[in-house]
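You will see two complexes here that share chain A, one where it goes with chain B and one where it goes with chain C.
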Partner chain A sequence: MPEAPAATETPSRPEVPASGRRARKVARAEARKTSAWLPRWFWPSFTFPGLLWLLVMFILPFYAVVSVAFGSIDRFRNPLPVWQPWYWTTKYTGEVFQKFFGENAYLQPTFIRTLIYVGIASSILLVAGYAVAYYVARHAGKRKTLILVLLISPFWISYLMRMLAWVNLLESDGYVNRTLQLLHVTDQPIAWLQGKPITVILGLVYGYMPYMILPLFGFLDRIQPSLLEAGRDLGGSPTSTFVRVTLPLSKPAILAGLVIVSLPMFGDYYTQNLLSASPKTNMYGNLIDEAVGASGQGPQGAVLVLILMVMLLVPMMYYLRSTLRAQEGR
Partner chain B sequence: MKRHPREGAKAAREGLERQLGRPVSRRDFLRYGAGAAVSVPALSAILAACGSNPRTTETAAFEVATRENPVRLPVIGEPIADNLEPEKGATLQLYNWDAYIWQHVIKDFCAEYDCDYEITTFNNMEEAVGKIQTGQLEFDVWFPTYDQLGKFVEGGFIMPLNHSYIPNLEANAWDVFQNPFYDQEWQYSVPYTVYTTGIAYRRDRIGDDEVSGAENPRALLWDSAYADKVGVYDSYRDTLGFALQKLGINDLNTEDAAQITQAKDALIELIDAVNVRATINGAYAKLPKGEYTLHESWSGDIVAGWGYTPKYTQSDYETLGYWSDPDVTKRPADNDLIVVGGNAKSPVLAHLFLNWMLDFQHAMDNFSWNGYQPPQKQADPDSLTSMQGLYSKISGSWAAPITYVPEWMSTAVVREDDLAQGLRVHELSPDGDQRWNDAWQEFKAGA
Partner chain C sequence: MSDLAAPGSRLSAGSATRRGPSWWRDPWRKPRILASITWLYIAWSILPILIAIALSFNAGRSNTTFQTFGLRWWINDPADGGALLQDPVIRRAILQTYILSFTTMITAVPLGVLFAIGIDRWRGRPADGANFLMLLTFVMPEIIIGVAMLTVIQHLLSKIGVHLGTGAQLLGLITYQISYPVIIVRARLLSIGREYEEAGMDLGASPRQAVRSVLLPLLYPAILASLAIVFADTVDDFVTVRYLSGPASSQPLSLYVYTNTRAAATPAVNAAATFMMISTTLVIVLGYLAYKRFARGQEGADMQNFTQL
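So, the complex of A and B:
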């Protein structure tokens, strides 16, 4: 097993702090030294089950989606995947692109509407989720575990069931309207379920809140108190310490939380289905759901999935780049 | 001898040849995926699970059955022999729409024939088609719509019937079903329920006379006075058809691009006018609770609506109304079917179940629960509004009893003339179907 030269390089330049890349190199060399008796494939082999799972559960279904998008339909008007790329057709891709960018681009407003809903919902989630996570991480004290359990408790019930519960709560004679009327906030019941964008957005906020809070809490909880104390020692007020120390340090968590909540929201369809059902509030996920369920529309549904994936690659890449930069800067 | 879709390469290749109408080359075979099923069985199993059937290809539409063009379906496979004993201790597998059969009736059947039962449900016909097409569902009995029948027969997914087990059809079913246009000589199917399509409304918010006396009752859904309280079915054929009729076009199977565009534009207007919602349960479950004032409705949905009223009182029931076109030739009317699965494990039991559901009393018991009327000769249409059904009698939950059809809702009673003269929905050509789907997608996109 060859010795890693990097391990001997670091002590020779102690005055220069190791860059992220060099630090990783050193760490790898150290790891190799401590496990020199193990074969080279030993540690990488730990990834095998995960990689196999990814291959079977992601890559093959993804290839199936591509094969449907560039495939055909059978005589039952169901999607007929064509597995061999040399037989692929762009017929359905062209049709969907026409609906996005052609003369009658009626799919475009749905995408823009989805973008707006997801943007607003994510912003509310960030503000509300950050406040909760900050409190739990910094000020909850002994109640931290209890609050965490309460935060996780919605996961015990499926998203669909929670949305159905919301339907009951928001009905004309539901508890929300009864409470508002009892408090004289309104005389007449508010028609929450009658195709209102606000209901869909609030439904998204409710459904995805734990997904925002947990990564934020995990990160805020790990910020060393000494950094905050240093900020205060340098004359910073609590507000400026938060703005100049806590907030910049939690940027990766904010990005992670936003990615975790916004990606599934783009594909969400049942929140809209259950809380509105109006075409006025239809989201991109509904287009996919309807195409997949409709006779002869399967390939178009698959094309819509691919378009969404490509569009989501942009924020995903930004997140990865930011995360890598943050790691290198550490 | 019937072949199961997954019986191997030979069957797959023969199936492909039959559908293409010519011998297939290895190139064709590979192209349509069947070759993969031979060469890489494990992979093909995974891929097949993603929804493909190597036996099927994109080809021309099936012959469309209409009243003017009755279709005698080809006999594929053999019916079961006469005088067989029902399978003892078997589990009858039913594949049905969600909440479309009263389990009380099935339990009675199983008590009679010493069997158990399992129901698998689907939410729409596309979902059912997709699952059945995989060939992995083993059902004894299922409930398709008649416009899908030809496809399933050719795919071997439905078994031809032996009439000797089903004497109740001849004895009890309406004449129009003794030799139906979609399945001449009822080789594969028996009728299950019949229904018309019209408008369900809240009588406490809009009077019967206001609806029936309107110049164009369908146009009431476009009236902004009912904004936020209007619903249509989330079903492209029904709702675009409704819009066509609102415009005075009574061809529910039109493939004319201009007419389909007109219907689509009318639906888009409906979004702006009343913020319409597209639902499946709005008519029977939400309108009785007051969430809607007007909803496009199948007669069976609104007849069952009393079971969703808040307090089950007479005054609650009386809030529900139904309008259907008074001109029978402009009234959409359809029926659903019961068939025996092509790979039924208990085919004798399945035949007996079809016969059971055509028995007058069992059919009416089921009607009392699901609201969808069986086409029974003995069920006098005029008495359905005065007779109480079993479900209403045996449950103590109701503050007031209810008749099969509420007496003020006689328009929801389906008559044989509706099926004989009313408007029927037929299968469309692939191009026509695409036009309807595109129009529906544009409406649903809310552009």
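So, the complex of A and C:
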């Protein structure tokens, strides 16, 4: 073992003050110093199998999508991927962009509809999710654990189960319609599951609410009560303490929650398929799903995936950056 | 906690300058509005599921109206043999669900645990890059990963013998699931620090021994939690699995539910969904019990910590 003598040769030097340098670099130097006597490849070798997997199974598939998106099609309109970047063509990318923004932009309504649905659903999620998270973090008292278990139970109850439950309730002879008829709100059963935007939006809210509540709760739970007491002691009413202390403090959690729920909603095709299945409520995810299912639409599907990725790049990067920062500020 | 101090210490209740009824002016009033929003939300989120479970025990054909109790859609449907444990298609789907979940679990978790250990101790640009790549798979919408995997399999991997079906589904699922153990184990590593394995090495263990007999046992709770979460999440997966499914036999239970929810549904679909729920709940509860057992003597062994994962 070559490492043992090296260890004795490294004397513990007094700490150099970190002024003028970024703390991150110091931390790295520290790490190098303490583990100098481990072989260089020791820790990387742990990462290697998983990294190799991700490189082959994550980067390569994206390269394939790009190759199809900028590739060509054969006589039977099957996609022919082009693997060499110097032969790539933007023919199909241009065609798809025409469908969104050109003369005959028949995909544009779906694009706008997706933005509206996600916007409305995210707003409802934020307001209701914040109220619930705030209550659980500040006021739940000894019922906290029970409420938390109830709030996270949807995580291991399949999304499908939760949508199926609403399909059962909203069918024309389901309990919702029968209750409404009993109360004489309506005479005829309402066709909730045939292209009703409200059903899809509420389905999204129902599906993604746990993902909004948990990060908000995790954050609100960690706010020091002394900060709020200080707000009160300085003469603030409960409302102004909330507006001036709690709310500004929770801004990063609000942004994180919004990103966490909106990323999957932009790729969501199943909520629409299960609760409506009508082109009138189609979302962006449905365009991808339909292109993948249809013959001769291979390049279009790939281009749609790329557009979605580019669109989501900003929120994804925001989320990744804040996560990486949290990891570094250990 | 503030409502415990309510009766004795009303500070601003007397200030008549504020508007509103007296209970509104009391700063230590119970948050009734928030409480009712929370409980309404909980009822809204749980009740439909309870009704769906109840409907799977319907003796009639309807999955919208409960008639009488019966196990017809679970065990034996005399009319057309469509019960959960009777229909060969559904039985095959249950088997497929467990094959996929188990294999994904025993592949993704070791890969992820090693990845997390390496990434936490190894500093430098390549490590940051690997970490970034892993987090990217975590935030990427599943449809993108599913379609990308489908594309690479159709155009490239099929030439080396990987075809749509169980193998393809496993490749996609493992890729999608690796990030969970990494994130969970890494959170644990942050609280452990490097002192333990360094002490082990000072006492004469080789680096490899130090990792195996010092660091790994400390990570057992996180590893168990990862196993449970990856298994449960794979049982519920229907996006990746759907794009990468091949012959009918590669259709797991989740796909059976997905395709039958709107089309000619019988309570057998509810039974299938309930069956999935029982599987995942069981695994999560087992995971929690094991977590509690192994985390004994280490800090943070309560329910709240488990839920924060």
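By definition in this document, the second predicted complex is superposed on the first by the 239 of 330 C-alpha atoms of A that agree within 3 Å, B and C clash if a C-alpha of one lies under 4 Å from a C-alpha of the other, contacts with A are read in each partner's own complex, and residues count from 1 in each chain.
We adopt the following convention: contacts are C-beta pairs under 8 Å (C-beta built on N, C-alpha and C of every residue); 3 or more make two chains touch, one makes a residue touch a chain.
The structure presented is a predicted model; accordingly, all values stated were derived computationally and were not measured.
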Worksheet item: Thinking of the overlay built on chain A, is A:Glu290 touched by chain B (first), by chain C (second), by both, or by neither?
Response: first
Discussion item. Just to be sure I read the superposition right, which of the two partners does A:Ala277 touch: chain B = first, chain C = second, or both, or neither?
Written reply: both
Discussion item. One more residue to check, A:His139. First (chain B), second (chain C), both or neither?
Written reply: second
Worksheet entry | Comparing the two partners chain B and chain C, which touches a greater set of residues in chain A | C
Worksheet item: Regarding the shared-chain residue A:Tyr208, is it in contact with chain B (first), chain C (second), both, or neither?
Response: neither
Worksheet item: Just chain B (first), just chain C (second), both, or neither: which does A:Pro79 touch?
Response: both
Discussion item. Per the contact definition in the header, classify A:Glu171: touching chain B only (first), chain C only (second), both, or neither.
Written reply: both
Worksheet item: Both chain B and chain C contact which residues of chain A?
Response: 60-61, 64, 68, 79, 81, 171, 173, 193, 277
Fill in: chain B to chain A touching residues, read off their complex
19, 30-33, 36, 46-47, 50-53, 56-59, 61-62, 124, 126-127, 129-130, 133, 151, 155, 228-229, 231, 234, 236, 271, 275-279, 282, 289-291, 310, 430, 433-434, 437, 440-447
Fill in: Touching residues on chain A, where the partner in the complex is chain B
56, 60-61, 64, 68, 72-84, 87, 99, 104, 106-107, 109-110, 113, 171-173, 191, 193-195, 276-282, 286-287, 290-291, 293-298
Item to complete: Spell out the residues on chain C that touch chain A in their complex, using ranges where they run on.
Response: 1-4, 12, 18, 27, 30-31, 34-35, 37-38, 41-42, 44-46, 48-49, 51-52, 55, 62-65, 111-112, 114-115, 117-119, 121-124, 126-128, 130-137, 139-145, 147-152, 155-156, 171-172, 174-175, 178, 182, 186, 190, 194, 198, 206-207, 211, 232, 235-236, 238-239, 243, 254, 257-258, 261-262, 265, 269-270, 273-274, 276-277, 280-281, 284, 303-304, 307-308
Practice prompt. Show which residues of chain A lie in contact with chain C when the two form their complex.
Written response: 1, 3, 27-28, 31-32, 34-35, 38-39, 42-51, 53-55, 57-65, 67-68, 79, 81, 128, 131-132, 134-136, 138-141, 144-145, 147-154, 156-169, 171, 173-175, 193, 206, 209-210, 218, 225, 232, 237-238, 259, 263-264, 266-270, 273-274, 277, 285, 288-289, 292, 301-302, 305, 308-309, 312, 316, 319-320, 323-324, 327, 330
